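Presented sequentially are two complexes of chain A, the first with chain B as partner and the second with chain C.
The block that comes next holds the complex of A and B.
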């Protein structure tokens, strides 16, 4: 009986591993059905993700926004308030950083970078504050409001970069470049990997600490699990939900800031190919565990980088990776069901042995 | 009466963590009232759910009139004339009584449209045949719990039930309603040749009603006896597996001062109607004040108002002469009130969290459990949890077990351990032993009395009159949001208090008039 109860985490890791394996096998079958060798396909994928210093750097660069948005999802979902609006918060945060970067051009580099990060975090947080207030005080479903606010933010920044803040050099869909001294330095030649990965690491540590080691993290978790219980126990559930949402929005904002300062050096229309949604998938797969978010982001980053290499060398379309991602999620969603099937099977076998032994 | 209408042979049901039924052999005779008793978690409900087709046994066979049958879903059970009335009623509140009764077998006009008129006729016919009086036109939400139960019984009879399974039917009834139900059951059996299986843990009812009793303990059938050969004491021992002594509780005289005062309290319920219409009460340290009432008469709202979980419309609540109106649960706790809520899963616990996490609620941001109120300090938290687990006899392998894996009694002990450990001058305790087994009830009662003897002021809300009579120093009856009487324990019988609980008598109005 003890085994059933205490090994929840191991059990989860096993089923996660099985899900990923199953997804990869199905991916292999798809390759075979198209007349291609899965061994060559996966080999080129792995080589593409980790084959050289450059490839590893590209993989890691991809994890930066994933981890930030993944943690943003984890902290809000764990508190029982569902921030699906990460994409919009990211866009606004990115724009705020670009604005700081091309407007206040005379500050020392460090101050400028800090200012951009703070501005992006505040803008992202404030944008999450709106649906949080609506949820907590008027019971308006935050899932719907945050999704809708995504479109508002993306289209609003579209407008900003095409009209009032369109670049002077005539390029449409982008702002002016940010001040050179505010740009984060690249770490590996040719790759976009830059010092933002250290900032991200630092932020991730703080979030991990808040979620796992503080009474605030405990309050978040209790509010998410049973808000009535939290309230009864003296936790201000409304306040905790709002705080979680602010942190979540701030993180997404910072993800946008780091894209601007580290990768593009300006705000671009369509700056994010859906980072926040990928981050959400990551968090969902690892059940909002902050350490899990880091590892799963690296896995997702590797799949993304590797898939492009795979497409180039084997002409297996990189979209296959999307299929694999989707299948993993499908399996994870079905986790409870699979577990029951396995348990029932084991139980029947045990029982038969018992009966047989009579 | 000798014919076995149902026979269960070797029924075994294995759940992931527990063997709920272990090789059960049980026969039900035609025309008998067969009581199945046992503590919570003994496997009574599981067995009945298997018989009704809601669960499939892992192994074993069911014989109906000597023929083996497989009951894989309730409609097969219904085809064989087996009907079940669940502990939690399954009525549609906005449907009328008649609509609820014909639900699933609706009479139709031209095969499409529901025939409401005929539904009412069917209901009236059922009422006449079985003598269970209900008004077919009322909505289910408008009738009392006792009537709702009648609707459930009629529903089962309408589907052609010859064998009625009643799961804890008296749990929600007043003494008067219980007696009425027994009259109905006796009539069904005697005059209409039905067979009744009744699940309960109240031994008095077993003695009063049944022909035979089957006792279950920890998934096993301990035995079946003729009621006339049994006594409550024997049955209790069979249930628990050892001698049960309900020791008289040791109450000390405590000189008390008033610590909690409620003045002209008015509170609205979730629908916006007044659940409490001007309540006044005083609670002294070292006394247990019992609130007796049929559920849904404002008790829950009173508790919620006292603990800051519900807004106060009018009046005030004073803790040691300080007004708590408008304060949140945390501030009220800090003023000296702890609370054992009526619904442990909805309010008292997070079942997805571990025992430790549940026990640290309320201390989670206080020294030494949180350094500077921020950093979780594992060591004292775990030590405290370990101590409380031991002190309150929570049966668990480790403190890292998720609460959802524990039995009801153990869950309740976690809440009581946590709330009692705050050492507050006031304790609000609601339904402390609901769904808790006999052994744990004894333990919880002793803990409550100990708190009282230490000088704690305790407000006890319970649907179990036995519990109120056992523990209270004073009792108040509440009916439709008003206090209908106040008694010193000992000056009134259970039967009499039932009249006050149902509003048939009212001390305060007499006094006021």
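The block that comes next holds the complex of A and C.
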């Protein structure tokens, strides 16, 4: 019993599980307060997320950008540099991919796709490089600069898409479509799930390997936990922070690329409904653990797909799911506090039992 | 310790029961849709969300009217401006209904793709132009014609210095939702209309960058009023609510859009440029029912088709636009339909 509670991972998993359960129960109470049956509500949510091949595919399609941006957040937060600019990096990366897609139209498909991914990654990384340099060399808070740069990137692509690179036909606020051979093929009929999920899986494996199995990953962690100590240990903290930021920006860029090549086939003005911020929530909940990011993203993807189905079939507003997500985050954020309360309580009881000597 | 574990187990059991027990009960809930096979099922898919008291609500009014008068059955699918939902919601709608009304230029790609996947479904696509797909009909509006009237009206009003709140400067403004082709079409007409009345009237435009954020609309409108604009035309959907707020704060005027929005605040909203989204949707559904519907075509709704017009609210509201101006505007309307005035288009 003792070992069970000291094992940190298990302890975390229990509190995560409790948080989710509690959030779902609160969600059910809200449904009941509005005169709806939570049983029917959650049933349609689950059916909407996993009910058929199409639904599962839709859920998985939603997880691709979440996992990438979640990993991007995890890697930067773990190194103690807070990249909140994922959204901007994603937009620029997506635009770079679209640009490659409609400009270099004669390349063979595989090379075109690779080129688009590399271009998106580089653009995203470069855009993250600016705040990283400012942070490391001039001590300018990266949280502020990255947030500001989000608007710059979104508005800049808005301009590009409406004036120099506006689509030739149709009214939609987007670029021209990318070359047919560069489009990733769809896997399930009607769903937007496409081969980008395999690419994402491959990238996620690499990131997992870097974070957990290499000395670079270890030094990221050291820098994040205590930069001064890491320095005494012979780690170049500045360099590590910049590298982490570059990887993070690159990942967000790739998330944008895959949206363009896999889902929309062109860059659209509002291409991301806040993927980077959702990814950040995912990473925060699982405390920057790369495996956790994958599972939590699937959970978030399922909630999103399911919530829409729930809204359509039972007219319970899909916003309820945002409430549930927020409550999970609240509980996880308060985890340390809750844990203390529970531990104190247990200790007292233990004491009483021993002193009372029953 | 043991007690805590049992507690956790109980929680697990309860949730487990909630999740498994439900599948059955929900299954029995579904078949009632199969009843009433006579009614045509119509789905309304909107890119944003209902409750904007403007564009999307106008489309819903068309559906509601069809429900009441044509006895259809309808359901609304909202995408909340999330492009990752466009495909999913449209698939859901296509599986539900035999007539799918798609509102929002954003659906350009998705609707073309899915129209081929569901050949038995009739698609009515509002706010864009697509030709050559048999089961896809598009409705396009001549926003520029309606805004021409709005511009002419604003230009006349800004010179009426006797009205309280109208200043000496001849400046009028417009708050656009986003810098997009549809909005630029509004802008082109608005500017041309103002210039038609008086070439000296200056038109200032700010794009709020959002269709759903009244705070941004208010900020943009305040900026325009501080530049001397007397009247601000809002072309920003829900964002426009902020424009009305700004107008009543500084004591100046605004023009509504898409629906007749005067009722929101009749003291500052002088009139609205109505885009007959609801009307055109209702007419299309009606045409489908009586068999005169030409699928695969582009329907253009301009002044002539009653697709765009000016709305002055109801009789009991304070009259700001005078009878004289209204007659003048009717005259301009006539000239547009006869082709004497050619309104430029914004791309």
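Simple rule for what comes next: the second predicted complex is superposed on the first by the 349 of 358 C-alpha atoms of A that agree within 3 Å, B and C clash if a C-alpha of one lies under 4 Å from a C-alpha of the other, contacts with A are read in each partner's own complex, and residues count from 1 in each chain.
Keep this in mind: a contact is a pair of C-beta atoms (placed from the backbone, for glycine too) under 8 Å apart; a residue touches a chain by one contact, two chains touch by 3 or more.
Computed from a predicted model, the values in this text were never measured in an experiment.
Looking at the shared chain after the overlay, A:42 reaches chain C, while chain B stays out of its contact range. A count of residues in chain A touched by chain B and by chain C gives the higher number to C. Contacts of A:213 after superposition on the shared chain: chain B is touched, whereas chain C is not.
In the superposition on chain A, no contact is made by A:183 with either chain B or chain C. Legend: residue contacts after superposition of the two complexes on their common chain; A:273 is shown touching chain C, with no touch to chain B. Of the two partner chains, neither chain B nor chain C is touched by A:135.
In the superposed model, A:343 makes contact with chain B only, not with chain C.
Taken together, the two complexes place residues 1 of chain A in contact with chain B and also with chain C.
Across the interface of their complex, chain A is touched by residues 12, 14, 16-18, 58-59, 307, 309, 328-330, 333, 339, 341, 346-353, 357, 360-362, 364-365, 370, 373-376, 397-398, 400-402, 405 of chain B.
Contact residues of chain A toward chain B in the complex are 1-2, 4-6, 8, 213-219, 221-222, 225-226, 228-236, 343, 347-348, 351, 355. Considering their complex, residues 1, 4, 8, 11-12, 15, 18-19, 21-23, 25-26, 29-30, 75, 77-78, 80-85, 87-89, 91-92, 105-106, 108-109, 114, 117, 127-130, 178-182, 209 of chain C touch chain A. Of all residues in chain A, those touching chain C in their complex are 1, 14, 18, 21, 24-25, 28, 38-40, 42-44, 46-47, 54, 58, 61-62, 155, 158-159, 162, 166, 170-174, 177, 189-192, 263-266, 268-273, 305, 308-309, 311-313, 342, 346.
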